[in-house]
Each structure stands twice: as structure tokens, then as C-alpha cells.
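Both complexes below contain chain A, partnered by chain B and then by chain C.
Our next item is the complex of A and B:
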């Protein structure tokens, strides 16, 4: 009997050992097999080694002589990063190249690049798509299909129009501390939240507005700008340096460029659409009889500058005598950060005057932008139609198809309320003696 | 020994199946008014889902120890019953084909665009066949483990895309839709969810059959809530019309996630979650179609049927995805599928109920119904 018990125990132990061995084999196979099968090095198809890739950081598309011209900024990932210099275009090892491809379609042009470029073009890291002005005027929708259909290009890359030039003129300008154009432009567009004078619209956002019956998209703009260089080294060769300026916005209608808003108008635009997160406004505050007590001791300047901290916009639609009326109520909270005028900012009455002056300036900006949209472009790029649709859905059904003809005729009033919430580190400006 | 499935496991299995129906192609955004009111349509569709499931649910309760294949044979007799069993088996295979096809399409379009489809299909099928041969109990235990992770991940994806969300897209509410269009859409949307088949094939394995209404209610309500969140997130971030132009709207939403410069390019994470969801569904249908044929042929071993159906699926899926692609099956409304759904989930069960009610006394007399009172 005891022998039987030992026998069973031995068998049980053997079974446990065997199952443990099987488990170890399964785990080992589980780790080994995927490392062989899934490793890109071993695959014959679909492998993507970093040294085989031409990592694209910016894409430019032009339309020249009935051909699509694609210009890429390709980064050499294996070049040394250590010798990055702000103005060096070529280091010992080439960091960036700018191949161009020509074809009847975007894909064909891209494929043609690989006829002479040894690296496989890889678009997933591109954050910027620059559209040449001529191409934008021609209309882009038909040739943009590739960027929506293909898996490689990201739908969150910013789409921008090259104002007054070709996309190929933009690609290659590197004024941003040695960064490639794509990253330099991308970071500059991300300053949108700080300046409010530009707009960063991704491909996906662009198409969201494009499909709207009542709305036309406004996309970012980039233009070449010559600046006088302050760099001592450069001064000997060339006194100017080319940078990229992103202020303004390009207005598209059915994918065709119809015009531009400048930087100030974009402030108004962003305020109208309720997307102004930050920015700076300079304005004159009219104050009469301010030097009654002979307190001004320095030059009395003209302007006051306010940093926008927060804004909110409400757009109310009403129907007056059968006509659509738009009321824009905007609220703005700001911080005083530069006062050139001799203003006593710890006097609540003066603060109220500054607030009023700021509100008036913003109202002017909004009105100017709206007027340009109505009179010059005759196009609703402000999503006003969307507001009508949301607030008067029954009326909208009747006017939806005619909206772009109705929009120029709508009346509007703008009310801005400014609240100054910070006055900075000093109270009286230096040109005013404290009582 | 009969495999046992707990109420919680069954609830998660049905829930993942319902989410899998929508997560890839999201056909519901084209239904009914096809506008910003889809979420209302989806709330209404919960009612229609219940309604459509009632006939099979009623029969499952009456024949609680039998699957739909087995009780059809009891009700209609041997010849018609066997024929119906084969038809049900083929219907389940059709559903499995469409889901594998959707998987292949998405994998080939987004994740492994250069890999030969045959490799993807064979790998997927080997995994599916292996899982199916392990039996229902192992599958549902896996589902029970993964479902909370999957649900939490989906909610996380939706939350992380908050900066792309513009809820005003959902305005005006109901103004652009009619009551009729919302209801017709809800009815159509209910036809794409085939979880009732899974329940009717696994009903005998339920440990607590009294919980069946709770299982159905919970799985439908929870899944519908997650589906509504996915649909709304896709619509409000991409816009109504752009979402309709996309083959994989929720994937696009995930690709747009860019939060705090940390959470971005999350497709790889999404792929893992998505694979768990869609594989659950595909494997379930491979399993129940094999089970249907096993019962038709009165066999005890399901493995040969799983292997045969696995091979058939591999060949058919390779054919429709590579040799003669049938995109309309995925990216267009599957009208043919609706006819099948109505036939197999409404018409045949309703006729079966009618026959059952007429012959109820016979069944009682013959003692053919076990556990008639649940």
C-alpha cells in the first residue's frame, strides 16, 4: 500500500515536472517566435530600417505647367546632431536634402523622387504641408486625395499656403536655430496661442470645415520675409537673412484660394470664431486733461499694450424685418504689460478708460475682418451659417443652399467687454511722477 | 463535461461582440438621418435590439438545455431541423467572413500595408482556430479578463482626444431629423448586432439561466453607451460629413489624439485593443458555426469542424480580400445581411414559436422540454 502511495507521488511529481517543462517551452517559444517573425530585420516585405528611410519633415506641393511638383525636406537621421548651428546649411555630413518630384498626381510625383533618391520617402513625420500660391488658386481638392487616402501622411499635419511664392521657395528656409523647415514652421505655428495673429489648421480640421455647407475654411499662411541680420558673422557676407512669417490666414472656397487676412485681421477672425486663446493688442487710450497736476516727467507716449489672457465669444442670431442680424458679444480678460502713455493705472477710472479703449480696438478689428469677409470675399469663413443653423434650424433649411449669397447682406453689431486683471510689476509708468 | 459560462462572462462576451460590430467601419453613421442626431438614434435602437432578440430569447428560455440548432430540430422535425441547422451554420460563417474581412482590410490599410494578405490571414486563422479548439470556457475566461481593460482603454482614447472635440457639432438637436428617420435608422442599426446568435448558441452553457434578462440588458445598455461615445467622439472631432467619408472613423479619431505632447501616435496601442475586440467576435463566430455543424451531424468532437471551417474561411477571405476584393461588403450598407438577419433571427424563430405554441401540449406530454420553468 505504502509502495502504491509512493508510486502515485512519484507519478504526480513527474507530471508536475513535465507540465512545468512544457510551460517553459511554451513561454520560450512565445518569446522567440515573435522576435523572429515580427522583427523588421528578418522580413522580406514591409521592412523599414531607419537607414533606408528618407524621413520627411515638410512637404511642399506646387502646380507648374499642368504638373504636380512635390518638394520634400528629408532629414538624414544618421547625421551627427552635435554640430547643429543656427546658420549652417551644410555641415560635414549633410543633414537635410530637398528632393523634388514631378508628376501628374501627388503620388506619381512622390514616387518619381525615388527614381533618384536612395532613401525610401517616409511621410509620417511631416508636420507641415505647404501649398504653393498658384496651386492654391487653381484649387487643391482633387490633388489632395492622396493626403487623406494614404496611410503614411498624418492628418494632423498643418496645411499652409505659401503667400506670394511657391511651396518650393519655402521648403529649405531654416531660420529656427538649425531646425529643419518642417519643425521650425511647426513650432512657429504652435505660437498661435501666443500671438493670435495666425492660425494652425490641420488637414483633418480643414476638411471638417470644407464639408460644411455654411462654412469655408481659413488655413495658415507662410511667407518669405527678409530681415536685417544682427549676426556679426553673417554681416560680412550678407546683411539680410530670410525667415518665414506665418502671420495671416488664407481663405479658401471649395479648396480654391480667394484671398488673405493679414495678422491683425486674424486677431479679429480668431475673436469672431471664439478661438483666440492669447495675443497682444496695442491701442491708444484717450485721456483728456491728464496733466492737471504737472506730474508728467518724461515723454508721453501714444499706446498701451495689453496681453490677452482669456477670451470668450457668443454669437447670437436674430431675425429683424426678415433679415438676419448677428450680435457678437465678446469678453476679454487681459494684463497690462506695456504703457507708453502717462497713465495712472491704479486709478479705477483710468483703468475703465483703458478697458473701454481696448474694447473699442477689438470691436474695430472684428468689424474690419467681418466687413472684409462680407464685402471683399463675399464668403462666410466665420461659421456664422453654423450659428444660424444651430439657432434657427427651420429657417436654415430654407436658406442653406443660398447662404453664401445671404451672408454679405447680414447686419451685425459687436460688443466687447474688457477686464484688466493684472497691471504688472510697476504701478505708475516711468513718465509719470507718483503723487 | 458541459462547459460552464457565468453570467458575467456571457455579459462581457456579448458586450465586446457589440462593440466589435461598430469599432472598425462604424456603419451606423450612415443610417437613419445620418447627421448629428445619430446618438439619439442609437439610444432608440436599444429598444429595437431587445425587440429583435425576443423571439430567440423566448425559445432559448423554453428550451434552456438546447442550442438554437438543437431546438429547431425538436420543433421542425429532423429533416427541416437539420436543413435549418446547416443554414444557421452557413449564416454564422458569413458573419465570420465579414468580420475577418474587416480585420484584414484595416490591418492591411493601416498597420501592415506591405505584408502579403495571405500571411495575415493565415496567422489570424491559426490563432482563431487554436482559441476555438480550446473551447468556450477558455474563451469567455479570456474575455472576462480583457473586457474591463478594453472598455477602460476605449474610454481613455475618447478622453485623450478632448482637444479635438467640438460639441457644438451636435447642434441643433433633432431639428434636422424626423421621428420616422430616427426610428428607421434605429431599426436598421439594430440589424447589424448579431449578439443574439451567440447567446442562443451558448445558452445551455450558462450557469445561471435566470440571469438571462440581466445579461442581455446589461450587455446592450453598456455597449450602446460605449458605442455612442465612440460615434459622438468621431463625429464631433472630424465633423459629420468627413466622418462619413472615412472607412475607419474611430481609428482616424485615435490618430488625431495629441494631448500634452505625451499622448500622440497611439495607433499601436489602439491596434492591441482593437485586435482583442475584433478577434473575440471573429473567434466566437468560428466557434458557433463549428458548433452548429457539429450538432447537425450529431458529433461530440468539435475540432474537425473548426479545422474545416478555418480552412474554408482562409480561402474565402483570401479570395474576397486579394483575388476578387468585395469592398461593398464592408463599406456599403449590407442590405443582404439585413435579409439574413430578419430571416434567421425573426422569421424562422417566430415560425418556430408558432409551431411550439401549437404543439406545446405534445412537447409537454413527450417530456421533451427540460427545465421548462426557469
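Our next item is the complex of A and C:
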């Protein structure tokens, strides 16, 4: 077709040059093509096919008889969740397997798993690291270097302490809707913003707290909980189902577990650190006899529940006579969600009464948690040291190393201001029969 | 030279044309009783015109041999005495009239041959806008352009190429907007053309193209007169080639691949959206299989967990590695595409159904490929049709990126993309950098880049090859 072009090129020494160039190209291809095709040899660091991977969704570490025991949750891809066709054919097959490895270090234990697991352990998709109570008491930082050094595990994996049990007890309980434990726990911890009664701290954050002298971390907690079954098939046997409860927080000191906050204390804790986005508070609004005629239009003495919409916390540090004083100013916006006390909420005076009562309740919560931190653990888990550092940097330099000794001594007062922005869809309590 | 004797002329013509059967040499006596010979190529001549306008007047009305030009009602008749020139004219559909005792011949324009009707070209369909397309006849094509630019500055410059085919080629430009440097460069390159045959405008494209080894199109093609006219108005030069419905435009810059004529007939905002879509398609078309293979075999941590799980379940039975799987699918796709273009329309439907539905689904069921790979290859295969002018580039670079992604992971993909970008920036089309308004950056010309601005009466900054190109060329000198 383009004979003319060809002819023109053929002139002179063009032909010889062409053949030499072709030879160079062929030699290059000889070198390159095998290196492309055979590059699968670099098995560990480089290429690995998906079918060779054992996808881990949760990791548990325990200390048993001076050995590290790693429990993994590995998805069986053939039964897998994503593929409807496969799962309907092979629904009887096991969806997950729970291999355990024993070793002196975490990596050793993980490697030992591969002695009998036909897949390469692949940690990148695990969102949850469960630490057995025993392990947590020995220290969450020692022996954890692997999780930062290796390139497989994620740094933003949530670190969770198994309260009162081993990690291997937790891993394997799937109370979610057919989800692996890892995803179930991960999603439950993400409900943090809805309940305010738990906390999600990642491995990286845990390390950040560890390196910081001004505060100690509070990490998530998971514990086993027995519930009576409502499932029709199991009801008759009076059997129970085991679920995982994530309320509360584990208090660490120098990376070691020293104690726990319970769910309500975590509400106060999240309020102090200014990280409470949502949650509910129940309280009783005191009413005097004199008030009764216009405020109360029904039964007295029941609880009111407020849904927290937004909070903001300001922590002011003042120093008087060499003593550090903490003032916590919290603002809370909420919606009335449930009123059993039969208050006349269309009256603005009633609303301000409710606001006052709520503020008082929250103040109590905060004080209780602070007191527990000061008296029981003698530990600043509330990052109040950070506030001192920010507001009095010069003084902080002198007291930084001593801070954990100073913290139990500081005085504080708490002011909470509640604003009710919604009263709900009905004006009168539902239990009120109107005359 | 033409002889005075008709019989000698007759013999000479027979010899020149190698006694071909479609050469007609008709001898007759005119009214004034002098011998005459009409020579023409039968297949190129309008017979009615020949009988009514040439032979009839000559036989019935001609009073004297001197009155030929006034008697024959055909415009543009010329008198030629060179035999070679006569042969050339005859080959272009003209009739030669020899008169006894005259050493010259009259040439009459009587050309007529079968040509295709003007219809909508299959390649550049539009919903809104003119639907005419170029045909295989140069004079019709010239007319289509002239009809759109009623301006004496529109110049056609004719050339003939191909020592065997004698194909006519015409440059079209607006004398007052064209950049003379580009025009001279084009003339120079045309002068160097020395080929035996030109069958299509693409021959010329390959002969005048910058960086002839590159697979990036640095010469524009169009089959639509409105597109060609648009380019001419922007200061570009169009090249029409006889017997080809494709009109070339030079210089070409990269963004022209992402523009369509319809962009200018719809709302500017919608056109901008479509151009963004095309940029996205271009990226997907080239990189999607490579990125997917890289993710599957190197960077599983970058996939969302649920996608990884469904991939793992679908990959469990697949015997090949992700790279081989993708290569297989891609080659299947290319085979299907090639065969569906070549198959006769009656069978085409069946081929599409069998190849598309049956092969795709059963390949997944048989466990030859995973469903995710079928989707990725299918999507990148479709996107290629959005950017038909970049077809060659997309298909070949897709393979390269795929190989790089399958062997070196995302690192390889990124290296490949960088190399493509470097190549795009380094090439030029007739002195204009290929990535022109971006590299080198020119704010004024950005008005018709990816974001199309409103058509502005006074603004002519989009005439890249006129103003900016000239300035750039001056600098280089």
C-alpha cells in the first residue's frame, strides 16, 4: 500500500540500519518478556494473586503461658458474602475459619498459622485488633511493634480490649447479620457517635497517646454478654445468645491496662474531651408542690429522656496560688425524646426547668468520671494536660514530667448549659388523659 | 505534438493508451465537410452531452472550422497542441476534438461518472447539526466547503500526486487567517511527496505527518464539511484528496480529539460536561484494565473489603493469573470488534449476540475469567468508541499499561502514564506543540479547551494556528 514510502526509506544505508535496529529490539524483548512473565516469583513482597490470600477480618492477640497466641478470622472465599451464586450452592460450607498461632512474638505466631493454613495471611483488611485482658495488663505497646513495622496491617485498625476474657473468646462471635466478627465489631464501634457510650481508638492513636506525657489513652472495650434468645427456633430451649457489648472504655497507663470506665462514665468522659456527638440522657425534673398547678398536668416522678444533638466543651485552666484549677464549660443542644413525667412542655418555664435538670445530671456525670480518674486511677486520661500545655506553655514545661502526680490534686468546677431545640411531634405527654 | 493528419493522431492515441477498449475514437465529417476526430474515454463521459452538445452542432450546424468554439455550447473549451496534456485532460473526463489540417485539439469538458450520494457519514453522527458528509468526488467536496464559506478569501490550491494514479489533491484555506509559516511548511512537505499511488487521504496523512513513528494522530480527519469548515475558519488548512471522503486538517492539537462538532451546536455547559466525560473515558479506556490487574495482584489492600471478598470468591476457580486473564479478555474483545466490523450486516447481529452475550457469560460461568474483569474490559472497550480518533493510541497504550500494571503494579501504571504524557508533550504538529493550550500554557486559548465558553462575537483567541502559532514560530526562528 505505501510502497512509495518504503522505497524512499530503502535508499542509502537505511536497510542495514533497519536490520540492526530490529535485532536490538528483538534482543530487548528477549530480556524483557521473561522478566515480565516470570516476575511472579517475588511472592512475599510483590505480586500475590487474590486467590492466594486468606483475607483476615479480625485479629486477636492473647498471652497464654508466656506465649503470644494470635487468633484470626479468615473469610472462606468460596462461601463468600459477595457472591450470591456461590453462596447459594455452597451455603452449608463454613463461611469463616478461625486459625490460631502460637509463638514468642506476634509475627512468629502469625507465621506459625501458615504452617496449616493453605492461604497467605493477609491483614490489610482487618479493622479490629482485639487484645485479651491478660495481654493488655502486660502492655499494649510492647510486642506490638509488628503492627506498625509490617506493611500489611492498617494503622487505623481499632484497638479493643477484651474485658474479662481472652481475645480468642471474642473472635468468632457473630451476632451481626451474617457478618464476620471483624466487620460486626467495626460497625458497632462506629455507632459510637450514636450512643456516646464507647470509644474508638486506632493503633496509631494509641501510640500517639503513649508518646505524649500530657495524657493517657482510653481505648475501646468489648465484652461478652448473654441475652435470652428471641429467635423462634431457639426460644423453647431457654437458650441464650452471646453478643458483644462495646460500652465502656479501658484505661491504660504506660500502655498497660489499669481499669475500666463503664458506659455512663464514658458518656461523661466523651463530654469532658469534647467528643460527644450524640447519645441520650435520662433524668428527673424536680417539681415542688407550689409548681404543680401550672407545670404538671399529669403524673409526677417519671423520667425524661433527652437526645443529644450537639455538644461543645471548653476547658479553662486558671492558676491561683500555684494551684491549678479547671473549669469545664459545656454546652449541650438536645431534643426531647421521651417525657413520662407529664410536664407541660409548651410552657417555656417548664422547658427551662427541664434544661436545668438536664444540666445538673450532666454535671454529675462529668464530676463522677473526673473523680474516678483522680481518686481511683490517679491518671489524666482526659487530656487535661493538653489544655494546660495550650494555655500555660511556660508553666507546662516545668510540670510536664510531674503532671500525672499533679493531676489528682487539681480542683475543678463544671458548668453545663443545656438548650432544648425540639420538643417532638406532640405537645402533651402521651400518658395524659385530657378532661 | 499534435499532427495535422487525423489518422496519425489516431494511431498515436491508440499507442499511448495501449489500445484500451474504453478509448473511443470517432471519425466523422462536419457540416462544412471537414474531417474530424473525437477522442474520449467512454467511462468518464456524459453520453447525452457528447451527442447533443458536441456531435450534433458539429455535424448539423458547423459552417467553418474556425467557428467551432462559438458553435459548440460547452463552456470552458480550450485549445491544446501538446499530446501529453491532451492525454491528461482525457483521463479527467474530457473529450478531445481533432480537425484535419489543424495541429491542435479542442478540449471539451464532458466529465460524468458514477458517484455516491451525499449522505450522513457513519463515523461522526450528530443528533443536532448538519448531517451532510463528504463524498469520494473532489469537486463535490470543494462545493460543500465553498457553499459554507461565501468569501473570496477561500482559496483552493490544486496539486496532483502519484506518478501512476495522478490523484488530484487540493489545499483549502482562508487566505486572510491562515498562518503563512504553516502553509509554507505544508507546501514544502507536499513537494517532497514522491509516490506512485494515492488511494485515500490517509496516504497523504502518513506522508506529511510529524513524528511518523508515533501512533498519536497529528493530522486531523473529518468526513463532515461543517467540521472541516470550522477548522478552516480557525486558521487551519484542509487537504481534500480525490476519491476519498476523508478531509485532512492540519495542524492538529490534542484537544481536537475530545471535541465534536456537536459541542458547538449545544449549550456550552452541556458541551463542557461532555468534554469532561470524554477526558474521563480516555483515562478509563487506557488505564482501567492495567489498574485493575495491578490492584488485584499487588495492592489488594486498596480494594474495598466487600469488593475484595466478592473478587476472591469469583477468582477462586479461575486458573490464570490476573494479568493473563485480562490479556485473554482484551484479545477476545479485539477479535470480536474486528470481526463485527468486517462481517456482512446480515450476519453481524448474530456475531454480536454470540460474542457479546454468550461468550461473556459462559466465560464467567466456565471459570475462565472473573466477572469483574469482564466488566472492566467491557467498559474500557466501549469508551474507545467515544474517542474514535484516538482509537489506535488507546488500543496499543492499553496493552502497554496492562503489561506494566501486571508486572510492576501501580508503580508500572504510573510510569506508563508519565511516559505517555511526556510523549504527548514532546510532539508537534506543523510547529504547533501537540498539547498546545496546556503545555505551553496559554490562557487565551483555554476558552475552547475542556471548558467551552460562550461564542463571543469579537473574540478570536481560539484561532490557535493563526495568532499564537505565528508568534511561536517567530520565536523559534
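Here, the second predicted complex is superposed on the first by the 358 of 435 C-alpha atoms of A that agree within 3 Å, B and C clash if a C-alpha of one lies under 4 Å from a C-alpha of the other, contacts with A are read in each partner's own complex, and residues count from 1 in each chain.
By definition in this document, contacts are C-beta pairs under 8 Å (C-beta built on N, C-alpha and C of every residue); 3 or more make two chains touch, one makes a residue touch a chain.
Just so it is clear, the model here is predicted, and its values are computed rather than measured.
When the two structures are laid over each other on chain A, which of chain B and chain C touches more residues of chain A?
The larger set of chain A residues in touch belongs to C.
Looking at the overlay, does A:50 come into contact with chain B only (first), chain C only (second), both, or neither?
After superposing on A, A:50 lies in contact with chain C but is clear of chain B.
Which holds for A:322: it touches chain B only (first), chain C only (second), both, or neither?
neither
Between chain B and chain C, whom does A:122 touch in the aligned arrangement: first, second, both, or neither?
second
A:389 in the overlay: touching chain B, chain C, both, or neither? Say first, second, both or neither.
first
Who does A:77 touch here: chain B (first), chain C (second), both, or neither?
It touches chain C, and chain B stays clear.
Under the contact rule defined above, give the chain A residues that sit at the interface with chain B and also at the interface with chain C.
Residues common to the chain A contacts of chain C and of chain B are 46, 154, listed in rising order.
Going by the contact rule at the top, pick out the chain A residues touching chain B in the complex.
43, 45-46, 148, 151, 154-156, 202, 204, 207-209, 211-212, 386, 389-391, 393-394, 397
Give the list of chain A residues in touch with chain C in this complex.
1-5, 8, 35-36, 39-40, 46-51, 53, 55, 57, 75, 77-83, 86, 122, 124-125, 127, 152, 154, 183
Please name which positions on chain B make contact with chain A in the complex.
Per the stated touch rule, the residues are 109-110, 112-116, 164, 168, 171-172, 175-176, 237-242, 245, 252, 255-256, 258.
Which stretch or stretches of chain C touch chain A in the complex?
These residues of chain C touch chain A: 194-197, 199, 203, 206-207, 296-298, 300-301, 305-316, 318, 321-322, 403, 406-409.
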